[in-house]
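Shared between the two complexes below is chain A, which has chain B as its partner in the first and chain C in the second.
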Partner chain A sequence: MTLLTTLIGTLLFAVAGPVVGCLLAGLDRVISARMQGRVGPPVLQPYYDVRKLFEKERVSVNSVEGVYVACALLFALLAGGIFFSGGNLLMCVFVITLSSLFFIMAAYSTRSPYAEVGAARETLQVMSYEPMVLLMAVAFFQAANSFDVAAVLRLDHPIVCTIWLVFLGVLFILTIKLRKSPFDLALSHHAHQEIVRGVTTEMSGPVLGMVEIMHWCENVLFMGWIGMFFVWANPVSIVIAILIVALVYFLEIWIDNNFARVKWQFMFKSAWLVALIAGGVNVAFLAFL
Partner chain B sequence: MEFSFGLIGFLIVFPLIVAAVLLFVRQEAPRRVIVCASGAVIAAASVILVVMNLGAGCTLMEFESMALDFVCTGISVAIAAVIIWFAVRYKNLLAGVLAAVQVVGTLILEFTFSHGIEVPYGLYFDSLSLLMTFIIGVVGSGICIYALGYMEDFQAHEPEGAPDRRPLFFALMFVFLSAMYVIVFSNNMEWMFTGWEVTTLCSFLLIGYTRTDEAIKNAFRQIVMNLAGGLGFLVALYCCALTVGTFSFYEFLVIGQNNPALTTLAVTALAFAGITKAAQMPFQTWLLGAMVAPTPTSALLHSSTMVKAGVFMLVKLAPVLHVSPAPSIMVMLVGGITFVLCSFMAISQSNAKRVLAYSTIANLGLICACAGVGTAEAVWAACFLILFHAVAKSLLFLCVGTAEHHIGSRDIEDMDLLFDRMPRLARFMMLGIMCMFIAPFGMLLAKWATLVSFVDTRQVALIVILAFGSAATFMFWAKWLGKLSGIAGEPENVEVTVKPTEWVALLIMACLLVLACVFLPLVSTVLVEPYVASVYGVLGQDISTDNLWLSSICVVIVVAVLFAGVGAKQKCRKVDVYLAGISRDNEGRAFQNSLSGTTQATTRNWYMESVFGEARIAPVGVVFNSLIMVVAFAVAFVVTPMVF
Partner chain C sequence: MAFASKSPWVIHYDGSSCNGCDIEVLATLCPGFDGERFGVINTGNPKHADIFLVTGSVNEQNIGVIKEIYNQMLEPKVVVACGICACTGGVFHDCYNVLGGVDAAIPVDVYAPGCAVRPEQLIDAIVAGVAALDEKSAALKAARKGA
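Coming up: the complex of A and B.
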């Protein structure tokens, strides 16, 4: 049963995820532009960009990079499918980590010095946010008595009431996961942060297009995680969750536009400290009270 | 049943006979035949035993023999004699004293206290023993076969005129297997103790194989620590004789579950023995030192024998630990702290074997923590951690050993471009690495189960430890994986000279690994759940079977990509990498610098010495864990009612 729902969920997410993600990315660019006093591109600009990427010639430094990126995309879709079909949250976390690993391997496989630096930083980013993500899943399990995302629909209050500390922790590492400044160490969307573009240095054409689509899907998934905190048995809660997600996304754009990139030491230490305090305290609180 | 017990006897005795024969075979060709044939026989016998008894509960066998008791005592004396001889020759006082204390203790126990204590059921097996049988029989003999080709290369790399000790080496490998079978099949704890000590001695001799100063030093470190653990076992035997009144392991566990106070000291002492053997901090140094030995030794010690005997003991004790707080907290905390700190330290290592060693110690720590938690779910997770760790780690050690002989280094930084230079080997290595740390492979599913069992038992400290330890695990494996996956140009393929026996062993391990990952739900039903159910009366699987099958599908995809997708020819224009300027030699990443000279771009992985260095982290674990054990023993002494 779970297998079937996951399969259907993945197929649906493969269609809906990129569409929503594309619109989010478009809004991101418009809002960023307004914050910087510009008009900005049309909302559909990310779509035009990616369409153009797919029309370009296939050029690559080796034959495996594209395979790895395709895997990364596939597993990102699967993670989204698991999550939005109400599947196991921990499974979703693990599959999205697998997707990150393939993305890292794609960069390493090129053996370009710049891509390798980006890959090493991406690895560090995963290590930085992973504890908080795992503790989020644990706290979710403690509060909802199940790892299944669908369990929130049976609660009589939003789960954030009992795990608000974890929510704050997740907000902190969300900036790393969305690859937003100040934690965009591995690859940045801003030209001024970067001499050469980290992980994706050697990716071009359709392969880069897949990377973009993967990011859209990831963003939708992570926003889904945020929304999950605010959904309960009441159908109205979905509207509330969407509003909060919009607010959080706006907050992330604001942070992105107002902070310069930090050093890896700060990112790593602060992320672990946040995980230890927000995650550890909340989990302990739920375990003993 | 008769046949099964016949097989058990065969599995214990046959490797000994093979060992005796191998000791006198000096030519390569007959040795190859003997090792391959007997390895195959042992593996087949193990598999037959497992398949015939799938789903078996604890089955005891009526078997008692005074003669065997005396043989065991004789072996103990012989072990002590060998150790004392080495101790005198290399002037190591501590090892000699410990061995002397141990042999005197054993003799006193045998001739005074143990009189009148009889164990009518000398042998037994249950599903956990069967799981171990499978690991010892298939992985262990696979390593023996691998060793054939490896040792040939090894001897060729030795300086001219170096003595050829290979007969002893292969004999010891087979004795090791036999001793492991003794440990997993003995219900008589005195026999088990003998097996325990034989493994200690075998690994001592194997570590010291080259007889260089470093090898001797590390071998003595191993023997001192494991003799201390052996003394722990001896203390437990004394407790059994004096307060519990039985040497039957089965009865001991039942009494322990019903009356934990009575067995607390014995359980603490046995757990201590398990902890030393499993190389938990503060005893981690012996396993790190063991890597001076030829690689098959490391593979054997890390995967199917030695350290697995330690965690086997702890997992067997789990139901008793569940009800006795002092040893349980000791095992849990020692394991948990070892897991997280060794995962951290692995980040700072560039020597492949050292990374593997730290990862082994860390994973054994996790198994210990599971055993300490002691619930059905935790034991389920521990069984799978044992299985997947054994297969994946042996695959990795064998890969590193072969790579070392062909690229001349075991440093991860030198494994650059291995994907091109040794395409098949690199893929095997990548498979092994992925199995160790990433979903959907078995090891991570076992960690998932571990996490759930920690949450169920409200072990907040362990949850936090697992979260941070896993993150560190990602770092050190992913950067190694990245190093392997690099592709540039078409360097020379250097794997054509790899010996066929090595390929066979590697292929066996890789197939086992993939099969075990894909059919994990089945393994759970036929091997792990029967054990958990026979001990606890409930099932231990806390991940839904659907999710397990979903993972299996993902495994198939990843393996297909790794072995078929990656490397297939594609229609795309090849270009050179970007070097920010004028390139001189793109495959070598050389570019024209600002003085019109040639500079080569080099990258090294991230070792974060300042954060995760050994010097910073190791002392923390040593101090904490030592304190924890001292306190646990003090408490155990107080709570256990003494008869004398």
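Coming up: the complex of A and C.
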């Protein structure tokens, strides 16, 4: 039954995830433009970009790059399916990390110096945010007495009440996960140049299109994680969660537009420090008190 | 429906320009003119770009670079020669080291003369380039169906 729910969830997420993610990316670009005193592109611009990429000539430096990126997209969809069908949060975390690893492998497989810089930076980003993400799963278990996301629907109060410190920690690493400045070291959406387009330097046409779709799905999943903190047995809580998700995404856009990119050392140290303080203290508090 | 015209990503290369046209190219992409309204994004990667903006004339030093960038770009692609030097060689056309305009190295789709070329004219050139991009995209699709 669980397998069937996950499969149906994945199929539904494969349809709804990209649509919501695309609109989110479009709104992101319009709001960013307004913050910079510009009119900005149409809301559907990310959709036009991807459609164009799929119309381009198919060229690749090797035959495995496309397979790795397709696997990364597939596992991102699976992670979304597991999460939104109320499945195991820990499994969702592992599957989305697997997706990131396939993406890194795709970049390394091209043997391009810029792609390798990007892949190394992407690896550092994964290393930076992963402790906090794992502690989030542990804290979730402590708060909900289950790893199943669906367990929040049976609670008397949202899990944020007991693990608000973990929520703040997740908020910090969310900037890394959403590839927003100041932590957009591996792959930036602004001022495209070789180093900051790192991971995707050798990806072009349809493969780059798949990367964009994967990014949309990832964004929807991560915003789902944020919403998860505010849902409890009351159905009204879903509306509250969506409002908070919108607010958090706006905050991320604001951060993106106001902070300059940092060096990887700062990202790594600060993310681990936050994981240790926010995650560690909260988990220890729930475990021993 | 061709989507090539809805998201023209540009790459800019300075051949041997005096930087006058380069400044105008960058000014065109700045918030004042807001190229992103039309989906224009300045990329640093030929593999992601659709429109190649070249400034300055072609000489023995840069002909290889121009050809390399052009060859790395994926079809459909369009070349815009920005400024009179890129169109014909301009005031440098009879210098001993100048081979001529950009068309001495690669096929050019749109010529945007001027010294320096103005942002308004560049926007016109990019719009003309976008039309050429749509034609090429349609031709590519037809060729794919035929094959």
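In this section, the second predicted complex is superposed on the first by the 284 of 289 C-alpha atoms of A that agree within 3 Å, B and C clash if a C-alpha of one lies under 4 Å from a C-alpha of the other, contacts with A are read in each partner's own complex, and residues count from 1 in each chain.
Throughout what follows, contacts are C-beta pairs under 8 Å (C-beta built on N, C-alpha and C of every residue); 3 or more make two chains touch, one makes a residue touch a chain.
Bear in mind the structure is a predicted one, so any value in this text is a computation, not a measurement.
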Item checked: First, second, both or neither for A:226, with chain B first and chain C second -> neither
Check: Regarding the shared-chain residue A:105, is it in contact with chain B (first), chain C (second), both, or neither?
Finding: first
Notebook entry, point to check: Is A:48 contacted by the first partner chain B, the second partner chain C, both or neither?
Noted result: second
Checklist line | Dominant contact partner of chain A by residue count, chain C or chain B | finding: B
Next item on the list: Would you sort A:127 into first (chain B), second (chain C), both or neither based on which partner it touches?
Entry: first
Notebook entry, point to check: Given the touch rule stated above, what does A:39 touch, chain B (first), chain C (second), both, or neither?
Noted result: second
Next item on the list: Identify the partner contact of A:29: answer first if only chain B is touched, second if only chain C is, both if each is, neither if none is.
Entry: second
Next item on the list: Could you tell me if A:201 is touching chain B, chain C, both of them or neither one (first, second, both, neither)?
Entry: both
Next item on the list: Report for A:57: first if it touches chain B alone, second if chain C alone, otherwise both or neither.
Entry: both
Note to self: Taking the stated contact definition, name every residue in chain A that is touched by chain B in one complex and by chain C in the other, in rising order.
What the structure shows: 57, 59, 201-202
Check: Given the complex with chain A, which residues does chain C contribute to the contact?
Finding: 2-4, 6-7, 31, 34, 36-39, 41-45, 47-48, 50, 74-76, 137, 140-141
Notebook entry, point to check: Touching chain A in the complex: which residues of chain B?
Noted result: 417, 419, 434, 438-440, 444, 448, 451-452, 455, 458, 460, 463-464, 466-468, 470-472, 474-475, 478-479, 481-483, 485-488, 544, 546-547, 549-551, 553-554, 557-558, 561, 565-580, 589, 601-603, 605-606, 611
Next item on the list: Please name which positions on chain A make contact with chain C in the complex.
Entry: 29, 33, 36-42, 45, 48-49, 51-52, 55-57, 59, 191-194, 197, 200-205, 208
Next item on the list: In the complex, go through chain A and note every residue touching chain B.
Entry: 1-3, 6, 57-64, 66-68, 71, 74-75, 78, 82, 87-88, 90-91, 94-95, 97-98, 101, 104-105, 107-117, 119-120, 123-124, 126-128, 130-131, 134-135, 138, 141-142, 147, 195-196, 201-202, 268, 272, 275-276, 279-280, 283-284, 287-288
